[in-house]
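Read from first to last, the chains carry the letters A, B, C and D; within each, the first residue is number 1.
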């Protein structure tokens, strides 16, 4: 941590900063400059509360140098973490994982039908909401446990692994019972009770970036999971808030190489929520793979025009098939390949 | 809701939109224009899923006309809602309420000392965190139930009402037992399980705006509370994410008159988190009152230089006293006045 | 345009809106709804000043339905516009154009050396700043006309077309004299005098999106060029302002399919300024092509470690070569191909 | 400047950074830490091109410590700069200046009528656009030189000082001839040719913050003016881009105390463009004064319902009068007062 003093800071002010640092149990190292003095704080264990320093007289700025996260960082562990789902799908490896399915589980017919289709098209992970977080209290909130049962039925029949969202600490157990991977939604990225519970479940976790979360905050949220002893964490870029209204969110694909440089955890992209418009999903899914994403999670519905939620951003089945063909080529352009489709023996 | 068709949309495409609207149970009213046709959806009950329409061929844009919230709106209830805390403090009335206290409860000495001071300076509500949401899992997380007990002690001795945060559905009961008002923090604005539990508690709720929440989303989050039958809700502007790094957040004071026009609920401002820097707290607290806020919530610490959290944004006690003098005059300039200080008989 | 009335708007207030619309010379069409009345304004010629309506009593919101731009829109001209540079490079066609070169022209040796290299690697357009807009008045401002002469020398020897920036109306003529395409920088996107002068020059124009420009504003800026009778306009996404500080800007690749849907003009991406970090340029250049960009403009410097400006975001020559190989495959995945490299007879 | 190395950076990588710093003509001072090494660059004269360092192997981050601006900073000049207009209005002093008038000059009757009214209500500076920057090329662009003549007529009759916008370097001379203060609009904040010309004119300049400009960039734009030898510069906060759509911009009032801490230049606020809605102008004007602004610039129109531009954000004359009464009290609450109204002898 670097404490930058104002130009005219007095020696006494500099002294007080040094004393405060030492009082906090760290070492202070003054660095005189041409325009101003800066003071390095040495020995930062990631627990320094900078707000105590920022308020001192003569202080212009406090600049963190140590990253506030630990176990998620490349410096903690250099080789990439690979998450392996129950059906063998690897995330974080040289292969690109494709997770697909409807926004919400609506009925047995819907989820079984689309699961068979998706498996045929090469996906290996099924997504689908049983518990749905909705901005309005009056909107469809999902089938709940019945939805989880249907997802498990689909897995049994097709061999697809299942990822689905847990909305609160209470529902983590039941989601963990049915799913292969627990999703933490964007609105809950900083719901620390939920993070702790999901971390403690031991199940792989898919952690979505919050709508206004910095990359540092995303990594700190993941740190909550790793701090529970669970490193089976996949990050997911799904769009951030911005000022343009043509798309629902602004998909920040640069976050993919940025996260890869900072962390050993894999990162995938969600072009469906990241754009909110069907016609933009395919180009942005392709772009995510080209940017180096370890996978995509994409909404596909057997009949988007009659979906109970998010129909307008769901791909038609044949659009998904075409997308799979395109991303196979794009993956090859950068020395990767799609996860191999499931063969009969994978299927339970 | 208005469905705007593309310029060259065919009659068949227009027909399909009309059929879909009717299939959804609403009435469709085409409005031909010079450049394009638009189709009004009549009878919107707030449950229309626009995503089904946005994906149809020939559709350029779907524009919501009906507001998605109900009970929080001025149209539902025109006269302002007034929240009355146990010690008589009114929020939403012509008086301006001042809530003050340290970021976190640290010790009996700290909380009792500052409470006495605050009461003497004219505050009527004590803030102080017992459960602290922290971006890093390694930071100080609050004293928990012990903190709640200390807050209750301070209330007993000073008569100040107590507002403190509940972090998850589990802790709502215990917070409701000790506090006069339950705070929902910015990170939890869309934690729907927590909102439902807090709503059902029947206690007044202080709901903070999320860092990237639109005003519509803030009102929809409040709608979750009112949908549980609890209209004792105070909204709080505390800064949104923006691109400039001089302050931690960008305090959006225009949200105050905007919310007052849309909703009957009162709204206060938090200049401490809204700026993150002590020297900016006083000017922005004054500005909030001048903009018409129904109150402020502000961090004051007996010894900010040794605070366990957020010391750099806490006012020194004498700065708080000076602020009280200034805002009393500003309130008078717009025909309001500060909540009367507690007199002995208020004190338990 | 749709004028949405408040729920309790009186008949008189509705009447005043209708009268105002008619007074402005348009037709008003009331649309009663369950919750509120809306009033359609028919006959909008793109010149309606909505601010007159937004201030009327009883008005909740004024929603534009007609797009404010004309000649740039797909509705005005459906088939894509193809820009052809002097050396035959087509932009907006099925081919993907690659523009490359240093941030600034520094010396004859530098620009000739890198130009030969770029041509060998398959680029067909040379970029390089002669006039540099700098945030600080004390930074290197470019070689000026001497830089233009060196760019022309490089074109003569290699056959590459030249694109370079004009900073103000005064310099448009001299830039037009030397360059094949005039660049308007992001800071100048709404410098209307400059836009008019560049439009009137008749030369192809590369128009960069402003750092906080909506897509509508980008298209309106382009409309200034087309309004001067010049439709040889290429748009460029180069990153927008956002809250995360890991990259200099947030590259909004979704703008590519959005612009393609709204406008007939081609759009390319600038991953160098869009990220500001060398290691992110290659992934984001690939992603842009995968998203459907009509080209990229990328900084390459023979010796980035000694560049006079932006060295840290410039690719090393061999990185550029590798990028060319990757994007050739990606383009093929979506049915496109790179612009053919220049053959001897192209070279002057 | 501080160069932060990655955790595992080799000695050779550290060596290369040191060599590069020395090669650039500065001194390097390594600061070993527990987690990583940082290297201080000593002797920064504000011209260091950090991009050369950011791209070196082993570098995690480059952190600027020296501020990039000079003459605008408090460190350069501690006492506040006071701008004095021709009619004696001081800006930056203990008094609060009020600038008011219509968005655009429309006719002699309009501008003379409103000027008399404004003077009577206590304003001392008249605003009004003669050259209007419009997002659309088809919107009303102002009366041009005829508008300037009418502004001068109004000054003659009322004694109000005149501030009006120059759109491009060409029009600076004619604006300087007629106006007492040259306005640089938000879209032109980084139009460097215009800044240089306005700086060289010697006239006071009102510089508006760009819609996505950081405070550092605003100060750097002002530095262009001071670098021309002109320190008669008033800054203006007028709202930045954000994600909420209820207001046109997000008025960043915290910028006021932030600028006051960093710079000796005065700063005023524009609540009309900062909100875009008449009903929000008064509360935000009051809030600006409460936050410590050195003045406000506000749109008032004799007949907003028939204004040629921005009618919906213009105050009615009697609203302006009420605002003046309120801000007089608010100014007194913080030890300031409104600029004294013009008395007959001020009037030419």
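Some points to look at:
Keep this in mind: a contact is a pair of C-beta atoms (placed from the backbone, for glycine too) under 8 Å apart; a residue touches a chain by one contact, two chains touch by 3 or more.
Remember, predicted model here, so these are calculated numbers, not experimental data.
Common neighbours of subunit B and subunit D (chains touching each): A, C.
The chain with its Cα centroid farthest from the Cα centroid of subunit C is B. Taking the mean of the C-alpha atoms as each chain's centre, subunit C and subunit D sit 27 Å apart. For the pair subunit A and subunit C, the distance between mean C-alpha positions equals 31 Å. Work out the mean CA point of subunit A and of subunit D, and you get 39 Å between them.
Looking at subunit C, residues 212, 240-243, 245 sit in touch with two or more other chains.
Remark: subunit A residues 2, 4, 6-8, 29, 31-36, 38, 40, 42-45, 61, 63, 65-67, 73-75, 78, 241-243, 245 touch subunit D in the complex.
Against subunit C, the residues of subunit A that register as touching in their complex are 212, 214-216, 240, 242-247, 250-258, 261, 274-275, 279-280, 283-284, 286-292, 326-327, 329-330, 332-334. By the touch criterion given at the top, residues 20, 46-47, 49-56, 68-70, 133-140, 167-170, 187-188, 190-194, 210-212, 217, 220, 223-224, 227, 240-241, 277-278, 304-314 of subunit D touch subunit C in their complex.
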